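What follows are several structures.
Paired with chain B in one complex and with chain C in the other, chain A is shared by the two complexes that follow.
Let's turn to the complex of A and B:
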């Protein structure tokens, strides 16, 4: 545990107090809080934090909504649902780089992609999926959603199948509608699974980089650059490992903070239902 | 490894101090210094910059029996090199291991390894942008005279001899690839639509000499149905951030901002002040923004492959690209075989003269062909365990016979940059019609021999400079900032990078890269 988890964390923390640069032969020097101070004047980091928040907030919300809807549909005992389950899981099995190319660069290609072709056939204007700063953010979210909604669906489906049937049968006998049953019985009972699913997905989404690098390269401008992509650029492309480690710690603190906040809010909601 | 040991030891010392003292920086620093081990001597290496201290191994068969030479280079384009290295190995008794590194990670891995004295390879196939870091940084062994002779040093075009393969007047590299961004047009479409163009614009349709002509031609072809494909556009270029946006912009900006009477381009060679926000660069970016709409939809997201496939796929009437378009136009998937015109990149009607601080013009458009990327070449790290064998292999790979064959073979990544590869007969023997072979090689030679040609940046920190500039260009082209504001911001960033890396040292290296002394 110490070697695998704690040591790299502590080692990288140590880096943040140094001047280590991968590409320059400079004597190792203790620079105190210099790298940490630099964070506060780094507008690029702030911009990428905002981008990341949009990717996480927007992406996870859509993925949860879609995942819930699909899971409920697949839990109805319809014909062919086994096949449907397998089909829905396929995107999750593809590497994000391949997904980036297939969906982000080909399907959403502004000139040659089928989506703009379909819009054109409907008489609608083409959409600048990857070259408009505002739209490109949503393109990243859509690609991420295509890949990761199945995970949400899978986790929620497991949760649905674990819900006992008696309370729902009793509610039906009492004349409750299907929506009322879902709203007041199924959804509250799903909350623990939902919290877990949302947290797992959010923690992963905070680290998004692969799809971005393939689909937009972080552009146009810095419109789709995530914190992880920024840290990668600073550390691996520019060699400034010390500052990259500091920026990575900022992301870690944000993730920890958001996780605690999410757990707190979810527990409050759960308590309300209980 | 010694460097690593020092790093780890010192880091542990720092961590212990941070944990113990919670941060009195002054005390911690002095204590760290005390706790750090004594400096270790630098590892032995060949004397960089002193050619001739590697004995000539001769040419006898089996001269490197039992020696293993490791080559590192970009994944996906080393197959031809592997075949040739195997030939060399069979003749010398050596074995060759070729380590392919993903393109996007090559520079990072090479720099990281060399900076920490970690062995990465005996021969490194690398892009010219890294020349400042590698040769200027003292990591490379100077090329011995015998290796230069075997690579036919005099047959290499001067711009590559002095800019790509040498640094500070010392030869380090062995030739492989020659790169320059050029102008391509659909000669068949130009011929077919000449009358219509003249009727529409009042001007004769000819290959663009200036960026303004290029824009007018692009507009005409975008607005008129000319392509045998479903869609046809006026141009295709390279604007994508993190994917050749630097080269796309600099190819255009060079005409606007490289004054024939001044050697500097990226920086003022006296002060190291960035020039990228001067009126020349700003107008180049503004003008570029006005023609992007004549490209295929989504062109802001086009890198090398999208650009090349759009042109050889028949979608664009004009293209700005490296020399690869010539051989690619002959590939089975191409629809433009025999229909391509070749020329140096257009120039600007006026250029910004940084000496007078005014716009100036000459007899015609100011052309300044941009040697973006500058080509792949082979370097031998000073820490190689087999310096003689490494240079023997690198000079064999850079020999006229090998390069000539590579230049006309698809997928080698080798563009012409030597007398042997610019020989018209070579291209004719490879199946090109003589007039096309001549047009292609003439266009490359005219670009490479141009007195106002600009060689790509070769400064330590190039990835940072490039990233800042590409970000600004991308912001301006996507309407997030004006050209002036975006480039002002990039210039500030460049100053910050220069100051961080040491302005005097960066200035020295920049001047050396330009061939300036004193």
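Let's turn to the complex of A and C:
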């Protein structure tokens, strides 16, 4: 575990102080803080950071809300509940490559996709799913949400199984409404699981790249390019491994900072209920 | 009553959004290229003639490749899911039952360190893995890929299992201890069975993660240990995408994961601790 985690970290950090390039055959040289100086004047990196923040903030919030609602709905003993649980889990099991191509590219296609076709049949205007910079961001979030809401549902379902039944029965006897029971008993007890689910999802969403590369290619312009996609382009396409590693480190710092802050805030919320 | 109606309406809406894309993958696997890229077509025999071309490719030309890829995927994903869940359970149990102290490190910091392992973008670390695995002769082996995926899944399984164990009442373990159960006995007979929903979540998560991982499979395997995502990607060529083959393979790839989901779902039931504390 230590070897798996420390070596890549040190290796990448080392790269940031060099001029290693995949394509240009230049003698290996230590350039000190040159890459890091470049970071601060890199407007493209800033734009991709903002995009990433939108994907993480928007996507994870929607996925958590929907996942929570689904988990609660599928934990009430409705008929067919067990089958529905498995069926609703399916999207997260579909390969992201297929999700990107078949759903992102075909279903949302502006030329031959069924969504615009159905909107047209209803008399509604076609939506520029991938050609409008503002809408394209939402297309990415929608596809990401389709795939990953089931994970939220799964983790919250797991948490729901561990909640003791007695307080709920007592509240029901006292005449509390279902909403009050959820709001004051179930939701607070789900907070630890919610923190884990949100953190897991957010950490993956920060690294979002597959869907973007397939569905929009980062465009139009740079409107949907994430930091990871930027790192990939700089490293693998332009071959500038040293600068790519530096940009990756910027993302790492941001993620660590945001995670610390988010955990702190969520623990404060949790403490209010204890 | 009103709540019921809202729940039903929500589930129906969610079902439509969830299943329409899956239906689209299903019908795409039976379409010709022409039925795909000209206009959207919805119903077989109504607005397009279904063809078995994609499935024929899957079961004949590509058969050996598909079987090898699925075997590799099953071994690598199953192996890493089991190992990561076991290690996650051990670490998660430790983090909820004992207080650790090392310099300024507390349990919370250890848990954060675990999850922080997932913060660096994969593109930034894949090169390091390539070098490391070449040195250890682990390139293009099932063992190598299993090790990598286990390492990636552990941070998450630790957190999932930590939450699961935190929900197991301490009193139950203590009364078992008073009755003379050993520490191992308490863990295997009481804590772990009560944390079974957590095991389900952890296993499914780790399995699905490895099942669909692409980047590391691409960099660390070439021929012998290649997994299904690589085969899927091979259907997308610079000359165009084989939509029918891609869809047929996607559905085939979905089946083992769905079977695992069906097998594990039965353990997603409320643990029966009610009344046991009196």
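We take it that the second predicted complex is superposed on the first by the 273 of 274 C-alpha atoms of A that agree within 3 Å, B and C clash if a C-alpha of one lies under 4 Å from a C-alpha of the other, contacts with A are read in each partner's own complex, and residues count from 1 in each chain.
In this section, a contact is a pair of C-beta atoms (placed from the backbone, for glycine too) under 8 Å apart; a residue touches a chain by one contact, two chains touch by 3 or more.
These figures come from a predicted structure and were not determined experimentally.
Taken together through their common chain A, the two structures put chain B and chain C side by side without a clash. In the superposition on chain A, A:133 contacts chain B only, with no contact to chain C. Contacts of A:236 after superposition on the shared chain: both chain B and chain C are touched. Of the two partner chains, chain C is the only one touched by A:117; chain B is not. In the overlay built on the shared chain, the residue A:11 is in contact with chain B and with chain C.
Of the two partner chains, neither chain B nor chain C is touched by A:125.
Residue contacts after overlaying the shared chain place A:28 against chain B, while chain C stays out of touching range. Between chain B and chain C, the partner in contact with more residues of chain A is C. Once the two complexes are overlaid on the shared chain, A:244 sits against chain C while remaining clear of chain B. Of the two partner chains placed by the overlay, only chain B lies in contact with A:223; chain C stays clear of it. Contact with chain C, but none with chain B, is seen for A:164 once the two complexes are overlaid on the shared chain. Put simply, chain B and chain C get as close as 5 Å, counting only Cα atoms, in the superposed view.
Common to the chain B and chain C interfaces on chain A are residues 11, 112, 236. Of all residues in chain B, those touching chain A in their complex are 6-7, 10-12, 14-15, 17-18, 23, 25, 28-29, 32, 36, 105, 107-108, 111-112, 115-116, 133, 137, 231, 240-243, 296-301, 303, 315, 460-461, 463-464, 467, 471, 474-475, 477-481, 501. Residues 10-11, 13-15, 17-18, 20-25, 28-30, 32-33, 105, 109-112, 116, 126, 128-133, 213, 216-223, 233, 236-239 of chain A are the ones that touch chain B when the two sit in their complex. Residues of chain A that touch chain C in their complex: 1, 3-5, 7-9, 11-12, 66, 69-70, 73-74, 76, 78, 82, 84-99, 101-103, 106-107, 112-114, 117, 146, 151, 154-155, 157-166, 178-179, 192-193, 196, 199-200, 203-204, 206-207, 209-210, 227-228, 231-232, 235-236, 241, 244-245, 248-249, 251-252, 255-256, 259-260, 263. Against chain A, the residues of chain C that register as touching in their complex are 3, 7, 10-11, 14-15, 17-22, 24-25, 28, 36-40, 42, 112, 115-125, 127-129, 131-132, 147-148, 151, 154, 156, 159-160, 162-164, 166-169, 194-195, 197-198, 200-201, 204-205, 208, 211-212, 214, 228-229, 232-233, 236, 241, 243, 246-247, 250, 253-254, 257-258, 261-262, 265-266, 268-271, 273-274.
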